[in-house]
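Before anything else, here is the set of structures, which you'll find just below.
In what comes next, chain A is part of two complexes: it sits with chain B in the first one and with chain C in the second one.
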Partner chain A sequence: MSLFEHNNNKYKVIGKDIKRIDALEKVKGTALYAADLYMDGMLYGGNVRIKEYPAKVTKIDTSLAKAIPGVVEIITCFDSRAKKHSWADYCYMTDEVKFCGDVVAIIAAESKKVLDQAIKSIKVEYELQKGVYTVEDALKEDAPIIREKGVGLVDGLPSREKKGNIFIDSYYPVRKGDVVEGFKNCDVIIEREYNVPFIDQAYIETEACLVYCDPKDGSITGESSAQNPFFTRRYLAEASGNTMSESRLIQRTLGGSFGGKEEGVGVQIGRAAILHKATGRPIKMVNSREESLMDSSKRHPFNFKYKIGATKEGKVLALEATLIDNCGAYNNQTQFMNWRSSVHSAGVYEIPNVKTDTFGVFTNNVHGGAMRGYSSPQVIFAQEQLMNELAKELGMDNVELRRKNIIRQNSRTATNQLITEEVILEEMMDELLNRSNYYNKKNEYEEFNKNSKSFKKGISLVTCFRGAGLGAEGIDANGAFVQATEDGSVIISTGLAENGQGLQTAFAQIAAEPLGITIDKIHFHSVDTHAIADSGMTVASRGTTMGAQSMKKAAERLALIIKEHVAKKFCTTVDKIDCKDNYYYVVDENFPSNYSNEKKVAFKDICNERMWGGEQLAVYEWFKPELNDYNHHTGQGKAFPTYTYNVCIAEVEVDINIGSVNVTKVTSGLDCGTVINPNTVRGQMFGGIVMGLGYAITEEIELNKGRILNDNFDSYILPTSMDIPEMDLVLFESITKEGTFGAKSVGEPSTEAVGAAIAGAVSHALNKNVDHLPCSLESILKYMD
Partner chain B sequence: MLNYFRPKTINECLDYICDDRVYIAGGTDLLVEMKNGHDLSKNTVIDLTHIPELSGVKRENDEIEIMACTTHDNVVLNKDINQCLRALSSACRSVGSPQIRNMGTIGGSVGTASPASDPMPALMLADGRVVLINKKGETREEGLEDFIVKPGVTTLKNDEMILSIKVKSLKEYKQSFFKIGRRKALAIARLNFAMAILKNDDETIKDIKIVIGAALPVTKRFYDIEKMLVGKKLTEDLIEQVSKEISEQVLAIAGPRKSSEYKIPVIKNVVNSMLKEMEV
Partner chain C sequence: MTDCKLTINGKDYTLKVEEKWTLLYVLREVLGLTGTKEGCGTSDCGACKVLVDGKAVNSCSLLALKMEGKKITTIEGIGSSDKPHPIQEAFIEAGAVQCGFCTPGMIISTKALLDGNIDPSEEEIREGLSKNLCRCTGYVKIIDAVNIAAAKIKELK
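Entry: the complex of A and B
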């Protein structure tokens, strides 16, 4: 059995319910968020936008605003000091407004009140242009071209031979076997279409930064709500014109990010840097909720077209699909995200013939970007609904169809990657079926539905997997620094960032384990780009599984140094030394679990000795994984070093009179590889379920010609505590040689299957194919027509 | 310059009333409007939160008077309202969140004249009348249906303020309130319904009241249908007919809008099921 057990004695600190080391200041309210920062002489920075798009700005009249006392600086897109394009596609400022977030001028003022007044006093003249807002319209032959770099379709596929609105860098084909032959041998073939909307990460803290010149060394310094401090530094350096070494980014406590505080905080800090350069004064910028919704990236909407075929026994032989996402007007994410979509486009199933094409399309909307799951919540929804439809067509049980096709050890994925590791997916399915009483409930609900006119009940199981870390999307390298001090306390730092996911605690556990010290001895120094090397982004649920590898290496090397010291002291060899609870001791072979009182020494005493003896007490390590052999033209090869497997069962009650969906229970099972901190995993899973519930039932960015209609949380509907269902979580462990201490990803897998499971349960309740999200009041009523 | 007054009595309050007055009671609407750019700098703000006599519920026989600054939460907790107008207790319990129910007032929710007000259907169910007082201390009463002209507009004059809402006890009636929102709390009503029924010994209808909110610019009570039902038994056919008739009436008034696609069939479904539940 691979169920996680609490009293596993394999580790000293790993796998234990260690209290979060950053919890206290958050609970007490003393944690400093970027918006909490103030400085003498500080100015408030803000943005001027127009309300219709796309448009060509012809004139900006700043005279009224300039006359307001307290307005210090106004830089329009026509100003020679204006920096327009950023390195990452998005604009700091522009006279060619392509979407609602584009900024035409920036202002610095003595107070927030004056700033707001000044923004309103700017008169912008512009010529409105013809816009394109949907994927369908953007792909039409006569559609206006939104971006110079856009390409067109030739024979239904993106091609550089023609102009159009396709973002060619985001095109990823997968070609495995021969689908034409595959479909010939199928007894049943179905085709289905699915689509999903833009949704927002909806973090509590909106984007904020403070940019100033560090009087100590002249570095331009940004303190920011950045998910990826090194990426944000890139914008800071570019906009200020400073070198990277003279641009410093300090990450402040984050009030949520989920992939959202990447490009948005980048362009924000760039604008602040431009104002800082012009005024020489500290600039603070804080987005309002409305600005945050306009300017920050969203989860990509997708249009899915799927065709799947199987034998009458239920063996899937072929799958063909087109996955097209709406990129918005600018984009620096779809080209990475779509690779992940393509790898997972055939689900967690072994299918001999797969042909899928995934690409993004430019429109005059807000851009799609990263949001917890990075395309998986969308793809799994479509893919799993497709499997339910196939089961229906075959007259087969949904779960049995999955059982016949799931990836097991020695299976080959859609990218033809041979899975050599242990796969516990079937065991997980059985455990969850059993725990949730799935089959009894399924029968009970179907019986109930026969007699009930107003209420319908449903239950559904979803299976999926997720490549852990960046895989062949990038290089999963990272660095960490571990320094012990003379009193036995230890400072750890890493290029990866705490974004609320519990990274500090997990990394502290990973450092404490080899060092044999207790967690209270560790201080986690959060990211300051002047203090640690760029370790890439904290994304893709890579923090613990891949990003902590260097931390483990560094802690192990320091532990070895200490052990050598102790071995010398007791005239023995390193292999005889072990450590635990802040002591290093000589292992007594007769009593391996105990340590003798005579032959032990406190970690702090060794540290003290070494410090005054001029011996090394700090270690910096770098980790670079083996490169994956992957062909991006065929979509074939080793995509990821390891995969997290996931099973989710949702139960719903639908009031068909009014169209409301009540999610009554979610049972979620996750293959964590090794559980580092069970409480943190559960926290991720609870939050992931609620986030998935919002995606399934209520959340949708409503757009009218690119304008966001629901730009605050009164109309953008997130679930509240009243909407949260009963949740049953099951943690599994499996054997993998990849991942820090064998840990797999948790953050994104926790949410990615939930929307699909709820949609599946609604489909079961209504006996309809739910083909889009969210399952809003209106859409449920339409299914019943 | 903004003028701000915080009177302690109604009489003192009347002194401050002037043409540019703005009242603040719970602030659950005003503060949102201010955030959205409503500039109060040329207004006189009269803060009603410190006038004890403007809050509370009085009952005299079959008449209940809810003072304007009674919060939703205090309505929910009030015994007289629980006994005599349970539909209003439910309605006030469905408003926003605990924070909003602790701040928002019944007078404010009437004065704002939102078509999606949750208490409104229950107040109209009980023949609600608004009591207004002017600067001179003169009072007048007006039925809620007349007081509310259209969304955000009432007959309140510049020199007036809302004193209270008077409702009739429906103690003998079977009552219900039902709200449709996009989530279970902090939801603006997509539609809301209030009904009350009183039967004769022979199971025929002695009196019935049907109100629907958020369907039309002003919450609507269906007097003609109510009248038609008196003396009849609520058979399945009749329920079917009534729910159809009500949804058609709403469609006729509202016209074919985008939201009608959802609202019209749902009105029919909900009226149908509420009437059936009341019949049980």
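Entry: the complex of A and C
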């Protein structure tokens, strides 16, 4: 059985409900987030933006602002000190405003209030230009070209031969089998189109940083709400002109990120660095909520065009699709993200013939970036709605259609990857069908709907999978440092970052397990780029599954060193030594887990002995996984080392007079590989479900010519405690040789299927094809028209 | 600037403030009490909640000058440095803390709720927290924490 609660756990610390190690300071209010930092002589930095785009700025009048007492520095985009382009496509400042987040001048002032007043006093003159805002318009032959590097379509596919608005680096084809032949053998073929909007990560902490010169060594130092400290350091070094070794980034407690605190945080720290260079004083920058919504990346909107065909028995033979995302004006994510979209573009199904093309287009909107799932919530929505439509066309049960086509052990995915590992998807489906009483409810709801005029009920099941870690998107390498001290306490550090997800605690468990020590002995040192090497980004739910490999390696090596020490002490061999609860002991063959015998020694005593004996007590390890064999031109090959499987069932009640959707229950099952910390996993799953609910029903960045209309939480509506459904979480474990202690990803899978499941349930309730998100009041009323 | 007398966490302060300064601005920028967070500045998220005469209110939307003569409690005034308040303990035990940015505001709302009603129903808890946004937890474990806190407080009585 793969149910987590039925499995015998062979570990000491792994799989246990360990309390978070960073909770106390958070409940006391003493945890320091970047906006909580103050320094003597500190100035407040801020940005000047315009309200229409695209535009060419012709003149900036700063005289009024300069006259305000307390305004220390103003740097406009015309100033020789203004660094414009950043390494990652975005601009620190620009006179060619392409989207709402572009900044035309930056200001440093003695207080927040003076700063606000100064920003309002700057007069900017500009010439408005013709903009492009939708995918459809961006692809028109006569569309204005937004970016020099954009390319056009030739025979319906992106080609460097022509100019246009396509971001060519984000184009990924997948070619498996022969779809033309495949469709010939189908009894049923359907075509559908789906659309999803921009949405915001909406972490409650907005982006913030403090930049100063470290008096100790002269390094420019940035303390920031950075999701990826090393990535943010790159901006700090670039904007300040310092070398990387003289640019130091310290990650502060992060108030949520979900993929969002990457580019926006980077250009923010760059702007602060420019002001710091100009004034010689510490600069603090904190985004208001409005700025955060304008400047930070969003979940990409997609336009999906799908064609799928199956035999009358329900075997899917061919799938063809175009997935086009709206990248906004600048982009540093779509070229990675779309690879993931392409790999998952045919869902968790074994389909012999697949042809999909995924690419992004530039528009004058806010930029698409990473947001929890990195395209999966969008793709799964379209893909699973498509499967529901196909089932309807075939006159077949939704679940049975999935059962006939899902990936199993020894199946081949759309990228022709042979799945050699155990796949527990069908078992997960059955467990969830059972627990949620799916079929009874389905019948009951259909009966109910026949007689109900105002309310309609629906239920829907979604299946999906997710490549764990970076896969062939990048190199999933990482490093970790474990140092024991003379009193037996241990400091661990890694290049990966705690973003609120519970990484500190998971990493502490992973280090504690081989070391045989209790969690309270471990201190997690947050990322400081001067103290640990770059381990790439904390993204793609790679933290625990891949990123902790080096932590495990380092802790194992230190444990071995200690064991050798103990073995020598008791005149025995290393294999006879075990450790537990802060003791190392000689294993008694008859009582292997008993360490109450004579031959034991406290971890702290060994540490003390080694310290005074001048022996090694610290280990740094590096982990680099095998490279995947993947062909990016055909989209064929081994995409990921392992996959997380996911089943989600949602139930809804729709008031068709008002258009409101009430999500009554969500049952969510996740294949965790190995559960490292059930408490953290459940926390992620609850949060992920509620985030998915927002995506399904209320969340959408409303745009008018690139201007964001709902720029605060009064109009950008997040779910509250009043909106949460009943939630049933089911944790599964499966066998994989990949991943730290066999752990798979959790953070993103927790949310990726939820929007799709709710949309499916709404479709069931209304007996309509829900073809876009969110299922807002207006949308529901439209479906019922 | 005007003189303003405020009572915060049992301490009296006499400060010079401007007419338009909010209580949140004074707490964070003037007094350095940064446990109270700003998530929106428009009274839409609850991260800045403090107790004013026992009621949980958004300090971003209150003028500091209007707070004279009232009893203000911030997260720094809940529990003591060596002994967390039972509500704080409950938040840790329940696993109600993820990124923690909403946590001070949630704890303030919980305090106001439990001070008035030590036996809240699930509905009353949800209602009591409905003005506090959390993006991480899905609220479930926060609701659990309120239940655990209520039990702890009752035990102490």
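Basically, the second predicted complex is superposed on the first by the 781 of 785 C-alpha atoms of A that agree within 3 Å, B and C clash if a C-alpha of one lies under 4 Å from a C-alpha of the other, contacts with A are read in each partner's own complex, and residues count from 1 in each chain.
FYI, contacts are C-beta pairs under 8 Å (C-beta built on N, C-alpha and C of every residue); 3 or more make two chains touch, one makes a residue touch a chain.
Predicted model, so just to flag it, every value in this text is computed and none were measured.
K.L.:
Contact-wise, after the overlay, does A:530 reach chain B, chain C, both or neither (first, second, both, neither)?
P.N.:
In the superposition, A:530 touches no partner, neither chain B nor chain C.
K.L.:
Check whether A:27 is in contact with chain B, with chain C, with both or with neither, and answer first, second, both or neither.
P.N.:
second
K.L.:
On the A-aligned overlay, A:204 touches which partner chain: chain B = first, chain C = second, or both, or neither?
P.N.:
second
K.L.:
Could you tell me if A:720 is touching chain B, chain C, both of them or neither one (first, second, both, neither)?
P.N.:
In the superposed model, A:720 contacts both chain B and chain C.
K.L.:
After superposing on the shared chain, does chain C or chain B touch more chain A residues?
P.N.:
C
K.L.:
Could you look at A:778 and tell me whether it touches chain B, chain C, both or neither (first, second, both, neither)?
P.N.:
first
K.L.:
In the overlaid three-chain picture, which partner chain does A:688 touch, first (chain B) or second (chain C), both, or neither?
P.N.:
In the superposition, A:688 touches chain C alone.
K.L.:
Which chain A residues are contacted by chain C in one complex and by chain B in the other?
P.N.:
In chain A, positions 714, 718, 720-722 sit in both the chain B and chain C interfaces.
K.L.:
Looking at the complex, which residues from chain C come into contact with chain A?
P.N.:
Answer in residue numbers: 18, 20-21, 25, 28-29, 32, 34-42, 44-45, 47, 74-76, 78-79, 81, 84, 88-89, 91-93, 95, 97-104, 107, 125-127, 129-143.
K.L.:
Quick one: in the complex, what on chain A touches chain B?
P.N.:
Residues in contact with chain B: 454, 657-660, 697-698, 714, 717-723, 776-778, 781.
K.L.:
For chain B, which residues are in contact with chain A within the complex?
P.N.:
Answer in residue numbers: 32, 97, 180, 182-188, 190-191, 261-262, 265-266, 269-270, 272-273.
K.L.:
Chain C touches which residues of chain A in the complex?
P.N.:
So the residues of chain A in touch with chain C come to 19-20, 22-24, 26-33, 35-36, 38, 111-113, 201-206, 253-256, 258, 288-289, 499-502, 679-680, 682-683, 685-691, 712-714, 718, 720-722, 724, 727.
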